[in-house]
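Everything on this sheet refers to the single structure shown next.
Labels run A, B, C, D and E following the written order; every chain starts at residue 1.
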Amino acid sequence: MVGLSEGEQEFIKGGIAQDLRSDGRKRYTYRPIYVETGVIPQANGSARVRMGSTDVIASVKAELGRPSAMQPDKGKVAIFVDCSPTAEPTFEGRGGEELSAELSSALQHCLLGGKSGAGAGIDLSSLVVVEGKVCWDLYIDGLVISSDGNLLDALGAAIKAALSNTGIPSVHVAAEAASDEQPEVDISDEEFLQFDTSGVPVITTLTKVGKHYIVDATLEEESQMSSAVSISINRQGHICGMIKRGGVGLDPSVILDMISVANFVSRQLMDKLDSEIAAADADEDES
Amino acid sequence: MGLPNASEDLSSEMEVDAFRRLFPLRYFERHLAESIRPDARSLSRARNTTISMGAVASADGSALAKIGSTTMLAAIKMEVMTPSLESPDEGCVSIDFHMPPICSPLVRPGRPAEAAPVVAKQLSDTISSSGMINLKELSLVGGKAAWMVYLDIYCLDADGALFDAALLSAVAAFSNLQIPTVSLDDGKIVMLPEEQKEENSEKEPVNKEKRKLTLGGIPFSLTCILHKNYILADPTSEEESIMETLVTVVLDSSNQLVSLYKPGGAVLAYTSAVQDCIALTRQRVKELHQILEEAISGMEID
Amino acid sequence: MAAKPSTTTTAKATYSPIDPTRKTRPPIFSGSDVDWLRPDSRGFHQCRPAFFRTGAVNSASGSAYAEFGNTKVIVSVFGPRESKKAMMYSNIGRLNCNVSYTTFATPIRGQGSDHKDFSSMLHKALEGAIILETFPKTTVDVFALVLESGGSIRFLVKQVDELDTLWFAVGDLPVVISCASVALADAGIMMYDLVASVSVSCLGKNLLIDPVLEEESYQDGSLMIACMPSRYEVTQLTVTGEWSTPHFNEAMQLCLDASAKLGKIMRSCLKEAASDEQE
Amino acid sequence: MEFVSPEGLRLDGRRPTEMRQLRAEIGNVAKADGSAVFEMGNTKVIAAVYGPREVQNKSQQMSDQALVRCEYSMANFSTGDRMRKPKGDRRSTEISLVIRQTMEACILTHLMPRSQIDIFVQVLQADGGTRSACINAATLALQDAGIPMRDIVTSCSAGYLNSTPLLDLNYVEDSAGGPDVTVGILPTLDKVTLLQMDAKLPTNTFEDVMQLAIEGCKAVANYIREVRKFLLIAVDIVGLCLVIKFRITFVF
Amino acid sequence: MVVKEEEMVLVTPGEVLGKATEVKAGKGAYVAKHNGLVYASLTGLLRTLSPPPDSPDQRPTVEVTGHKAHGPVPEPGSVVIARVTKVMTRMASADIMCVGAKSVREKFSGIIRQQDVRATEIDKVDMHLSFRPGDIVRASVLSLGDARAYFLSTAKNDLGVVSAESTAGKLVYCISKYDLNIILFYSFWIFCILQIASNIISFITLFKFS
């Protein structure tokens, strides 16, 4: 919880109204973003993203599993987020579960697309090894280490970076097995295949404070919000998911305006992120 | 009971329900002295009771029972299982009683109600000891396949006499039960989806005739409160919370005693009081039987 | 009945990177916009018949029962009552929501557990509509029980594991939200407006309003709106799947129009109950 | 299984008395009063300290000393096999307790009566010796938070496999089932504050192994001191430059 | 202000009742700041009250009288009736049973602190002599209190213990280690004890139904 005096609250609100936030940013400016990839060697892919004092890690682990009966031609992906008590003492014990569940479900909404897979950042059908029998299950774990607002955007960015860093071992299937038996598979230790992450959307959260909305709100700014809308947008400028995070009602026209702002901001974020990811990957290759 | 006249001046500023809240026992005792209850019932009268069948479309059998405002929704789902080695030619009935947070201000999410497991246990004891269901009838292929019957009862509104209402809804759900058709396919039991029922000829249903269960002695129950010398039939939750000695009598349709519970309480029940309770239950069984018959015949007309 | 998606691609022996040219599309829309009949033979823009009734649970401060086609929901409202001991002091009232399912709500017998995701979505949809300042420090509890879920047809789901987290019919949520707002009004909790909620599924180019479980399992995208019809404000909005901006606008407008109609039904239900009480 | 090759090299190429690479980073969590990341080879933990602050649960307040609390948690991705464990399982409760007791022993709790100090340790990667890494990280974080301590606590583990005492076991060696001695010392006072061993071991061998672990602790202590020294200079510089937030990385 | 039958209009939350420039929002109605409209916030009958002729604001007030208002909630200043549950040296806890003349649906917790028992000699109050568990107390709500309880006060002439029962628990009740002589004051069915800060003794209400 952020304890702010009335004066401080007015200062934050006033700054936003004048397009000069307390840390000198404009309303639609992000804090500097730092990306590190390959931070968790045990995982198939991982990344750490820092935005100001917000610090998150995402890891991707792939395991062989069985496709679900309803969608035999698709792999499965699950996103789980944990909030470490290091970020906030109130997350101690089960205290962080509520926020963790909210973030997990928001990320699933924003990144996994519709049931048929349209708009998904990850093409689930590319995860199938043998249709109806063997597929890759991707477990995406997020961990919040330090929190200073805008966790969802940071986690979304970390997942995008982790996916671009992910290598999935190539699999050789032994001779076609009988129809109702599990085929034998051989997982390669050397050959890895990379994901194409150009389709993974980025999440932009617009936080409404007073009459205006801002991107990349800090914890202090978030405490003053009246409502927030997280919009995930891909390269084509299409909406891939959206979730409103409580607060007061918004006029539909405001939401449409928010979408156009998000469209504009997300393009910058995506470029920035791509160059950071490329730089981080290059760094990792060197070391 | 002498009441000081000084109280008169305060009565003007207090509403009846405020008095009822502050001195519930005295409030009730004054009523009982007049042989009437706050909801205008006489002491031995049960509340209005209704049953509606087939309330849940996704279940194989279901019923909604209401006693006063106490509402119970019972639904049965059938699954095929392999019978246990001890009883290869018998099916199995599993009974669960739920009190979701919607039913009472006392139940909160995450904290199950105390009463729920008690009622669940009483229900499964009563239903098994009444012999209403012949488990042999639930067998499909001796030793190979039998029905697993899941009966789930949800309390939608808790206002006293939970067990009575739950038992009534359970009985009604069983009389509403339509056993799904199944067929044998390479030694495996396959459920036949509804829409294939007619045209499918190659797979002969194994249980074409047995679409209904024959119910043996149907149990009905009545809960009474013993307070001083009074016997109150079918208590509301308010009455249950004030006067704590409860007696539940279960009789089957031929007036045989199935079970009798008196879980403690301050009042010691004399034999005569228990006899009175049984007599009240006998009357009640007649009423309930008729209500159930009407509900069943109402279904058939539809 | 819609068949399972046929094998359009040959089973690939190894993992392959994304092939952007390949598009999996459910066979129901394989051709052009064919006349796909909805399982309950509704029009694309036609909602299921909606029915509301207040006062379903007497022991609650307020309650409502809603029936949309096969989806049946009861919502009880308790309070304003004392907040739980562990809660911090708060100058405004608190809203606490819980959504649970009966074991027989879904075609396959479930666990009848709490639905955390829906609980938090319900909370978000309602909190903007309640005047929390009118009951400081106390809590209003909104508990919903889904008696029957919207999956109308015996739809076989063989395995439900950790990864199939979103398999409940999301179409139940709008019913829960609308029903909860009627229950709140019945409990006499001060509200800015009622909350009416509607969802649409996007299948190919078509928008299907108020989808059932079967339609949802083939959808390319979904959009759910909870709005205050009279104030014309959105309290909750969730979107999945890929949407272009004009397509999104169309879907949102469709939802807003439908929720305005739904709001009328809710109002007439409340008025009926109120006028009954007057007599 | 052979854990020490005839050439005297371990599975990961270390000599028996060689430690894994240490790496520390201070001030990672901006909001915490003190925080540190500590790495021992592939084992990586992050610790954050909040406090001294008001006691949250008044009934636990002590009028003569500070209340020290500790929570240990493991990230889902920290181990090779992905697992999703509920919080507060037995193992993490036990480790929380060990860390709490060890740190409590060296914090001058009597200087901060009626207050509470929270230590949160989060394992990012587990590759053996998480206990030791947690204690080392907690020490750094406590120092970063400026909490008065008798001495720093450093910890290291040692084992005994293939008749060879081995310093700083990794996961493979740890799970071989041999004896595993975890020692925590106060290096300046030269006192042992934590000693855990869970296998059969002859007494004289045990002394060797423990001595090895103590040597390890001392090496860690030297490293931590160096980090601190560097940091103190850094603080001066930073103070001069009037820069408030900083981060410093140090490679051993 | 008599409402005529034909004026009965039912409204539901969110219905527009008028413009803020023309009408004032009374009970069950609110003004939306962003568009200056008055909306209903409850379900019930719409009533328009004409302003008192001498008031400077000549806008009529619209109010919605709830067909079913939610249960009463204690507010600062309201007079409540509470049952004492626990007496400690510095305070007594009580369950609030009625707010005004209305009973609550579910009890609210309140505490009476030592300094709020009576208006004079507040430091000499002995809580154990002032209250017994089971006493019925009339008190006013001082403030919303802390996270747990409302703060109550009995420091007024018309407030204090109104009734204490000694029916079944009589024996246990009387043999108190503090003051046995209190037994002398016990009537067999209702007694009043210790008036706080005043001599006025008021007795509890009983009601007659019908």
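Some observations on this one:
Heads up, the rule we're going with is that a contact is a pair of C-beta atoms (placed from the backbone, for glycine too) under 8 Å apart; a residue touches a chain by one contact, two chains touch by 3 or more.
This one's a predicted model, so the numbers in the text were calculated from it and none came from an experiment.
Counting hops only between chains that touch, chain B reaches chain D in a minimum of 3.
Looking at chain C and chain E, the chains that touch each of them are B.
Ranked by the number of C-beta pairs in contact, the top chain pair here is A-C. With centres computed from CA atoms alone, C is the chain lying nearest the middle of all the protein shown. For this pair, chain A with chain D, the centres built from the Cα atoms lie 31 Å apart.
Remark: chain A and chain C have CA centroids separated by 25 Å (rounded to whole angstrom). Remark: chain A and chain B have CA centroids separated by 50 Å (rounded to whole angstrom). Spacing of chain B relative to chain E, judged by their CA centroids, is 40 angstrom.
In chain A, no position touches at least two other chains. Looking at chain B, residues 105 sit in touch with two or more other chains.
Among the residues of chain C, those in touch with two or more other chains are 78, 81, 192-193, 228, 231.
Of all possible chain pairs, the ones that touch are A-C, A-D, B-C, B-E, C-E. Of all residues in chain E, those touching chain B in their complex are 81, 83, 97-98, 101-106, 136, 162, 189-190, 202-209. By the touch rule above, chain B contacts chain C in their complex via residues 56-59, 62, 69, 71, 73, 75, 77, 79, 96, 98, 100-105, 108-110, 150, 152, 154, 156-159, 193-195, 237. Against chain E, the residues of chain C that register as touching in their complex are 61-62, 78-83, 85, 87-89, 131, 135-138, 185-194, 228-231, 263, 266-267, 270-271, 273-275, 277-278. Of all residues in chain A, only 39-43, 46, 52-53, 55, 57, 59, 61, 63, 80, 82, 84-89, 92-94, 139, 141, 143, 145-148, 219 touch chain D in the complex they form. Chain contact summary for the complex, chain B toward chain E: residues 1-4, 6-7, 10-11, 13-22, 26, 30, 105.
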